[in-house]
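Sharing a structure here in structure tokens format.
Going in written order, the chains are labelled A, B, C and D, and every chain counts its residues from 1.
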Amino acid sequence: QENPAPSREGGFGLGRTALPEEIAAWDIDIRPDGQGLPVGSGDVYTGEELYIDYCSACHGDFGEAVGRWPVLAGGFGTLDDEDPHKTIGSYWPYLSTVWDYVHRAMPYGAAQSLEDDEVYAIVAYLMYLNNMVDDDFELSNENFLEMAMPNEDAFFMDDRAATELTVFAGEPCMENCAESIEITARATVLNVTPESEEEATATPEATPAAAAAEVVETA
Amino acid sequence: AAATGKFAHAQAAGPDPAITQMQPWQQYLGAGVDAAPYGVPSPHEAHVVRRNVEWLTADTVSSVNFTPLHELEGIITPNGLCFERHHSGVAEIDPGQHRLMINGLVDNPLVFTMEDLMRFPRENRTYFLECAANTGMEWRGSQLNGVQFTHGMIHNVVYTGVPLRLILEEAGVRTNGSWILPEGADASGMTRSIPMEKALDDCMVATHMNGERLRPEQGYPLRLVVPGWEGNMWVKWLRRIEVGDAPWHHREETSKYTDLLADGQARRFTWEMDAKSVITNPSPQAPILHGPGPTVLTGVAWSGRGTIPRVDVTLDGGINWHRARMSGPSFDKSMHRFYFEFDWDGRPLLLQSRAHDSTGYVQPTKDQLREVRGLNSIYHNNGIQTWAINERGEAENVEVG
Amino acid sequence: AAATGKFAHAQAAGPDPAITQMQPWQQYLGAGVDAAPYGVPSPHEAHVVRRNVEWLTADTVSSVNFTPLHELEGIITPNGLCFERHHSGVAEIDPGQHRLMINGLVDNPLVFTMEDLMRFPRENRTYFLECAANTGMEWRGSQLNGVQFTHGMIHNVVYTGVPLRLILEEAGVRTNGSWILPEGADASGMTRSIPMEKALDDCMVATHMNGERLRPEQGYPLRLVVPGWEGNMWVKWLRRIEVGDAPWHHREETSKYTDLLADGQARRFTWEMDAKSVITNPSPQAPILHGPGPTVLTGVAWSGRGTIPRVDVTLDGGINWHRARMSGPSFDKSMHRFYFEFDWDGRPLLLQSRAHDSTGYVQPTKDQLREVRGLNSIYHNNGIQTWAINERGEAENVEVG
Amino acid sequence: QENPAPSREGGFGLGRTALPEEIAAWDIDIRPDGQGLPVGSGDVYTGEELYIDYCSACHGDFGEAVGRWPVLAGGFGTLDDEDPHKTIGSYWPYLSTVWDYVHRAMPYGAAQSLEDDEVYAIVAYLMYLNNMVDDDFELSNENFLEMAMPNEDAFFMDDRAATELTVFAGEPCMENCAESIEITARATVLNVTPESEEEATATPEATPAAAAAEVVETA
């Protein structure tokens, strides 16, 4: 769509060198190989206390969640069920993701307010809630890389190129493609669609299909 | 000279008072040119708004609202109507205090102010942004009765910005720099891993949308544009890009945005948005009110892998298909508008549209998708949508077989 | 991998508190998805508005305001910033009470409701609309010190609408129908005579602009689109089109919009807008604030007779010219965006741009125009604009010789 | 830019036939050949009274205008001057335009409130103010077409195709196009540009060049 904006040999000389203190302030990301993980530690017991104070109001005392806030524990063996429960324990492939995310975004509304040791402790408690460790466990930067997550091997790289793109191609039927067509499902039966500005906030008359709520929690 | 109209036209019973009586706007002065320094739509269009669905989420702060596709025309989504999805609400950023940092596997880690970024050469390109969860509520069957809710997590915008390539070149990417991690300045600190190849190909660091500065809810003052790839990767309020030699597997690419298949295995890094289309009118929120006769069917189509040279439309649930008329410019990874004009005979219809993209891919049915993916994959539902029209012209979200 | 940045970058004296101190938006939740059903720009962009100039007119009701071109990017003008010109203020029309009548030399005079019009096939096309008086204040010399005021009576919009051809065909134009008179429903009852050839060629009856319904100040619910021709002919609040066999010579095509030459003779029916361009940045309202070094010069160009394949730019008042980089789609009778990136050495500059259109026409100097037209023709000033930049980067509207 | 929206043989059958009463209500346009002119009449004397009541507050008792509202009379012989005055008398080519416009759009703020005979009378008075008729003149649909306007012949069809398009074409000079370039005029000398939202409403320090105000009155 566009005549490309030209590169310049050697760059433009724009911006300025980032100072180490500045990089330290913002470089908070953690990787599965431990890159970014700070020195520190915390045990399940400490984590439980912190979790009750800062997290349980939304996520429930045992990660079971209050109302529609996210569930953080359980769900093992449900991934191939009709109603899978994807939690840290049942689904997440890497522990580093828990550390990174809790530190980066939680508690909701007070992001990055936790100390490193507090994050270690809360992650240890979340591991405990997910039956990954005993209640006397202490997580630290030393033993972090030894922790394997049960569902790691269930993830594989997008294979749509092989399984879908070649299948969903070619000239489709244009005429007399079926004998007859019947309606097999109707949205109005559920009656979960807001009908006006005001009704958008009303409780639906039927319970929306399980997937619905999850989708947008996860969008 | 023009052709002569031969069709018999309706006759009025009597003169229309809207014509024979003087309307106030024909006689009296209206508002002057200082009344609206930044204009807004007519009060008669007050129903044309983004809408959210309270029961979907625990709160409205980490939630979504939906673009009213059935009220829009052409391919550009007005900025005020672009759907919103935030994870910690709208960051209200003072651009004077905003910085972009490049760090990691670069020769020279850099910090840019907004003024610095405006000194790079820039480009203008039109792209759709679709949330990977768009239409995700429909995996188990027809659920939401309105195209705004089934398909409204999409917008199509002209972006102005700096090719990410230029900014990475400025810092000097090391030979082992094969991934980037863009990060947002909002309280969710949004992050995603993106392969370097894509970063250097067509990603942009955007400052403007549809001619003006980004809107706060779309990442003001800086957003990453990742053409054709799922919307969550288009990090808003962009404050930092780290260059690395491996992906980060962060929350939005593990817990979320991975596609669970029927056997419990899950696809990761499903970045591209598959070709998709939907009829926006008629649809449940936009029934046929005029009765039988000339009827305009219209909709939109898009693909994360190219352009849309063709859309087919059926009126009978897929027994017979017709080629729609494509309208407006056809840009790579942009929304396309299609029309199909027909004479409605007043009998029930089953409307569907089917997009073909420039790679030869043809939009599948929902059942074709379910066969490969099962019912739990949540994301990337690009199956063919059916609207049933009854004798009164009312439309309903249905499935057919 | 990307090239390595070799340029020496500036070093900061100490850490930037905008980075080392946590900003509120990084920690606390922002507004939710129900906060702004129809979104608006950031409060930090409150200066990006249409502006009028009180001393120009007797009141603000029959007056004009100006598009802030220096704040915009790409080619699309956001709806809220499209300049306004009304003759009796903004007609606030209830679309349910709006009618379009076709009468005169037709087989069947017709009345359409808005619903009727939405049943015709429609098209999507992007066009500039320029007031014929744009830059009219500059005939006698540099006068207004800002591109918003010298060139801001223009906007560029994607229209959706019904080709006028289809509506005229519906009524059946008689063989002697050679002109049309579109008429507005506002209290000025705006009228202009348009030859049938143009009416059948590319005119549209537009219902939407930039994806949504027309804005009230741009003719909601119906506007005539007359591509490439002077803005006054694009009748807003369109209520009637009469077909006739001669032009009407109404007030806006006699008292106004006729071009008085030096000898007292006057051109009438000067419809097409000549090819024109202007540098929007830097300009008096958008000085260079960053000092010497990489500088982005940008501007817009357009022609009522075709596309703009080429724009030349000079930094020295016309001694040496450079070809600008054209950006974004090149549509017939639409605005085009151009860029010229250069390293400013900190010395004074005299900036000009010169558009070439697809007919081979080259934008003239103001003096070339004055030689043909004198100083009193008011309209159609498409002369080359000069901005003088001083050592501090400030810009001024000047003329050179 | 577009795949054309298709015509349909015989039309679409959309819309409905306009009724005669409806056409009569809206078909108010007048042409130089008299098409559209209603039956009626009015004299200068009646016109003067109406004009004083409805028009003079803005346009002045003698069409000389109050403040910056439009001037309606005078200006003869000024069209080739440095500061031309374009009025009904000095500039307008057709009398039908006056009838049409006054009836359609005036008085400003009360459009189409005048009766046909009132419009005839006011137009007669405007003719009188412009020295076209004596004070005992009566204008009617009968004598309307006999009235010639003094400046009609000064108008000619757009000739840019011949006088400009061919001239402003061809490959222009790109290098060393002048010895030197000097600034010959500066906008800041005038200081008439509003500098901020607030100042946009302020009175300019200098008087803008004469053309400026007229331009926008005439945009």
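As a working rule, a contact is a pair of C-beta atoms (placed from the backbone, for glycine too) under 8 Å apart; a residue touches a chain by one contact, two chains touch by 3 or more.
Remember, it's a predicted structure, so these values are computed and weren't measured experimentally.
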Query raised in the report: If we look at subunit A and subunit D, which chains touch each of them?
Result: B, C
Query - Distance from the mean Cα position of subunit C to that of subunit A, given in whole angstrom - result: 46
Query - Interchain centroid distance [CA atoms averaged], subunit B/subunit C, Å - result: 27
**Report entry** Distance between the centres, which are taken as Cα means, of subunit B and subunit A, whole angstrom
**Finding:** 23
Query - Where subunit A touches two or more other chains, by residue - result: 1-2, 5-7, 11-12, 14-17, 22, 26, 108-109, 111-112, 197
Query - Sites on subunit B at which at least two other chains make contact - result: 3, 5-7, 9, 12, 16, 19, 26-29, 37, 49, 51-52, 63-64, 85, 88, 101, 108, 110-111, 116, 119-126, 165, 169-170, 172, 187, 189, 293-294, 325, 327-329, 331, 339, 341
Requested in this report: Quick one: label the inter-chain contact graph as line, ring, star, complete or other.
Outcome: other
Query raised in the report: Can you list every touching chain pair?
Result: A-B, A-C, B-C, B-D, C-D
Query raised in the report: In the complex of these two chains, what residues of subunit C are touching subunit A?
Result: 3, 5-12, 14-16, 19-20, 22, 26-29, 37, 293-294, 325-329, 339, 341
**Report entry** Complex contact set, residues of subunit C against subunit D
**Finding:** 47, 49, 51-58, 62-64, 85, 87-88, 101-103, 108-112, 116-117, 119-126, 131-133, 136-137, 139-146, 149, 153, 162-163, 165-166, 169-170, 172, 181, 183, 187-189, 191, 232, 239-240, 242, 244, 246, 248-251, 254-258, 260, 262-272, 274, 284, 312, 316-321, 331-332, 334, 350, 354, 359-364, 368, 372, 375-376, 378, 388, 396-401
Requested in this report: Report the residues of subunit A in contact with subunit B in the complex, numbered from low to high.
Outcome: 1-2, 4-8, 11-12, 14-18, 22-23, 26-33, 35, 58, 67-69, 79-80, 82, 84, 86, 88, 91-94, 96-97, 100-101, 104-105, 108-109, 111-112, 154-160, 163-165, 167-170, 172-178, 180-188, 190, 192-194, 197, 200-204, 208-219
**Report entry** Footprint of subunit C on subunit A - complex, ascending
**Finding:** 1-3, 5-7, 9-17, 19, 21-22, 25-26, 108-113, 197
